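Since the structure comes first, as structure tokens, the remarks are kept for the end.
Should a chain be cited, it is by its letter among A, B, C and D, assigned in written order, with residues numbered from 1 in that chain.
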Amino acid sequence: MLNSGAVGQRDRGRLLIACRDQPGIVAAVSRFLFEHGANIVQADQHTTDPTGGRFFMRVEFDLAGLDDGLPALEREFTPVGQRFEMDWRVRLASKPKRLGIFVSREAHCLLELLWRQKAGDLPAEIALVVSNHPDQEEVARASGAPFHHVPVSADTKPGAEREQLRLLDEYGVDTLVLARYMQVLSSEFVQRWAGRAINIHHSFLPAFAGANPYEQAHKRGVKLIGATAHYVTDELDAGPIIEQDVQRVDHRYGPNDLRRIGRLVERTVLARAVGWHVDDRVLVYDNKTVVFG
Amino acid sequence: MLNSGAVGQRDRGRLLIACRDQPGIVAAVSRFLFEHGANIVQADQHTTDPTGGRFFMRVEFDLAGLDDGLPALEREFTPVGQRFEMDWRVRLASKPKRLGIFVSREAHCLLELLWRQKAGDLPAEIALVVSNHPDQEEVARASGAPFHHVPVSADTKPGAEREQLRLLDEYGVDTLVLARYMQVLSSEFVQRWAGRAINIHHSFLPAFAGANPYEQAHKRGVKLIGATAHYVTDELDAGPIIEQDVQRVDHRYGPNDLRRIGRLVERTVLARAVGWHVDDRVLVYDNKTVVFG
Amino acid sequence: MLNSGAVGQRDRGRLLIACRDQPGIVAAVSRFLFEHGANIVQADQHTTDPTGGRFFMRVEFDLAGLDDGLPALEREFTPVGQRFEMDWRVRLASKPKRLGIFVSREAHCLLELLWRQKAGDLPAEIALVVSNHPDQEEVARASGAPFHHVPVSADTKPGAEREQLRLLDEYGVDTLVLARYMQVLSSEFVQRWAGRAINIHHSFLPAFAGANPYEQAHKRGVKLIGATAHYVTDELDAGPIIEQDVQRVDHRYGPNDLRRIGRLVERTVLARAVGWHVDDRVLVYDNKTVVFG
Amino acid sequence: MLNSGAVGQRDRGRLLIACRDQPGIVAAVSRFLFEHGANIVQADQHTTDPTGGRFFMRVEFDLAGLDDGLPALEREFTPVGQRFEMDWRVRLASKPKRLGIFVSREAHCLLELLWRQKAGDLPAEIALVVSNHPDQEEVARASGAPFHHVPVSADTKPGAEREQLRLLDEYGVDTLVLARYMQVLSSEFVQRWAGRAINIHHSFLPAFAGANPYEQAHKRGVKLIGATAHYVTDELDAGPIIEQDVQRVDHRYGPNDLRRIGRLVERTVLARAVGWHVDDRVLVYDNKTVVFG
């Protein structure tokens, strides 16, 4: 699937819409854009049921002067939104998302994001890297990203989360990526970042609860190692799935080999999910996602 | 990617459009559908360039009475089509495509199509099976499909093609599938079925010209075996690509193993391509395809 | 991965060994084969731990006169086996396995096995098809396989299983394939066929217990649909895994689409697993498998 | 497929053998190892034809004192090698390969190798990075690898190659990786590094000769983007293939998107190929490879 792979085209907007499906939505939206002189670059829509289901739309469009004229456009679209009781928003492609990356000891997901961003393949800004360990400071700084070490223990967690939230605020972060961050966030924290925080975790067929999942997967003799990227919700690892993938293994792979393969799958899956999110391609409903290609 | 997997929903239509990209197309089309009371089930569009490129659209919609009212709808859409100089057509989902399958000695692609059709996974009718060999008669008849043996040699080719064309006509075939049919069709034949005939052939990295491609692939030590499904054009195997896929092999695979793997890839790739075609998901331009998911 | 794809080479044997890893095993086995004039065609081995782990070996070899001389060879190998406390056996490639296929209403897995066998890609004999429904009788008979309808209900299950066991015996079945057979077999039945009965079931990330897994998968918004082939054991769907695979889906797929994709994955995964089993490539230990490529 | 993922187990050796297939090879080799007290960790073999074809073997073994006792072991194995006219060698796992990486402007392949090495997933040493451009100096140095800028033009090529060869020598490089190095090496250079130099290049179905392959691939409407890693030979891009892979694309991908996807495939494929090479898993014959898993 595609991501725009380019930062900040001027005067390009993305209109995102969710509402009850009903006749006339596309006609009203496309007429609005036409009458305002917008060129539609890409348009995707999805309905869960054409008669009364949920309707989703993403329109990427070029409109001269949009970067300055966004407030006016939003004002004028408001009656259209009201008429269909839409949840809607317009994003400017020229304002890339600002990522805050939380990481623990393992570097692989952090490195993949830094690398893709640097290569121009992840159209976002790395605003901040935060870790409960000092290990990845050098990696972060080498890429030019600010790094903050915020230790977390059972006792210090509330204070640590306050500090984390402060940092996210200070650095203007709008998208939080848990790139193998091994601490569970509090319910308050999660709710504050609902729909804007992405996590990656391993996943297997069958699933393994509890500690040492790679040991369990080895013991069970699985033939696939997978990873799942999802939005963070209160229930651990049960948030809306954005992307999943697997890689084959066989009887020759020991637990450490499975971990190594797992790292490869995790960094790929997380980078794809973050790429789609920063392109405003992911819409959430009913604890699942619509990902427009 | 999706196919509808269902034959013949009543009153469901598919509007297919290709034209120069210009402002107002989507607005005009969606307004037309809205004002005629249609429910949009799915809509996809693609532009090669929002300023003056080529624009493609596929809208799947439900409209009460469409099965009888199609001529009226077409009449009323005509001015819209003219205004934007569209190539356009409306297809009824209730009128499944009628497949004519040409096959030589190998059964695998034929069997996959027959099986998917029977399982309800290929929303089309098997109108006819034609072969230059008698081998697959039993397979075809067991599935209930008419079978005609039309032998072809260098001398008899023109007459054989006349007979083939007559059969395609007699059985009301609208989509021709070359399911490992090993005869080259004449330029006249190909042009008559342009955009409606699908072929499958093996493909490798690198490509191998000439005879015995699997021998050559084995000699070259390739690690992937592929297949490509494409529309048939005059230039052999150079028509618009609909679908491609590969499967891994290694040094232990002999030429016969490569052939066996090739058969698996071929039948999968061809069945996908035919499935998308019969769902009217494939639009052709500039010797390539837009495949709406 | 490979399968031999060929039935019944004369004088080809497969020696299968499992024992505690210890020095000298390969030397003793290869010396034995050399001194008996065997040509090694392929040899694979695996050790879970070179110092005291479990050792597995599969040697495919040609030996003139083997088809008649097997008993003598076995007698002479016996001391080697005793010295290393091996579980071992020799299989003749000229004696293909005889499959008994149990099926319920859905044809896809049955058809895939019949098709591959007919195409020469599954080196086995279809000895028998048994179903608790009459639906697939025609499919089975069209392929030339005997079909027996053995209805099963809660009340009649013990008698039905006796009849099934009798049929497996009567037709000389040595490998049982549950090709979407929707009845749970009794513990006695399962134990009698331990290591010789293969099942296929859907699998998801995460896993879904209970009824209507495809509804649940759709509700959860999974992006992959998988299938797992495994040996049948007492604990439902928890036997040694032979093969797994997945296919991608997205938000546009409804529950019926997921079922359709699931059928494609299931038939591929089951056919691969059965192919490796009939080639004597699968060794079981500790509730998992070694699959030699 | 596996790689050892671990640097430098003491006293672990890898015996690599190629010779004409003939009875008694495995028996002789395994007896030799047994009598010298070696524990076989993994053994793989392949024959192109059991009667007179080419035979390949790789044995990974543990033997107390091997690191110091290698010359003695080699001396004692010499008669075995002579008896079967083997090409053979023993490698010490404790002596990891030393990589010299040639790169031009694009960082992706270099970064992937540096990252895997640092993560402990590529058991080798990065001895040296050489580039005809200064762009990647910072990336190389940040990872701790020496970097040398050796400009190359048509006029200066001979001198530049002398300098490159000198550097490879000075830094004790034994494996050369062309990680998107865009200069063609001279025939003399290539022959000097035959079997020890790995290149990565894009590959497509069909193949595109000439300039701007991604433009051509876009124009042709391919549905797969691939990459091939191979040993460097005199004939451009025609050396023995070590690994290939592809990724799906569709009509929405422009030439730049194809390049971006190409980068992802290239770095994965190259890293796998280098990983297998440094594990001594790749044997070359007849311009193709045996890659032991």
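Keep this in mind: a contact is a pair of C-beta atoms (placed from the backbone, for glycine too) under 8 Å apart; a residue touches a chain by one contact, two chains touch by 3 or more.
Computed from a predicted model, the values in this text were never measured in an experiment.
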Fraction-based call for chain C against chain B, same above half, different below: same
Of all other chains, the one whose Cα centre sits farthest from chain D: B
Distance from chain D to chain A - Cα centre to Cα centre, in angstrom: 36
Inter-chain centre distance, chain B versus chain D - centres from mean C-alpha coordinates, in Å: 41
Sites on chain B at which at least two other chains make contact: 42, 46, 250, 252, 293
Chain A to chain D touching residues, read off their complex: 2, 5-6, 42, 107-108, 111, 115, 118-119, 121, 142, 250, 252-253, 256-257, 260, 263, 293
Chain A to chain C touching residues, read off their complex: 46, 203-207, 219-224, 226, 228, 240-246, 250-252, 286-291, 293
Residues of chain B defined as touching chain A within the complex: 23-24, 26-27, 30-31, 33-35, 37-47, 50-51, 62, 293
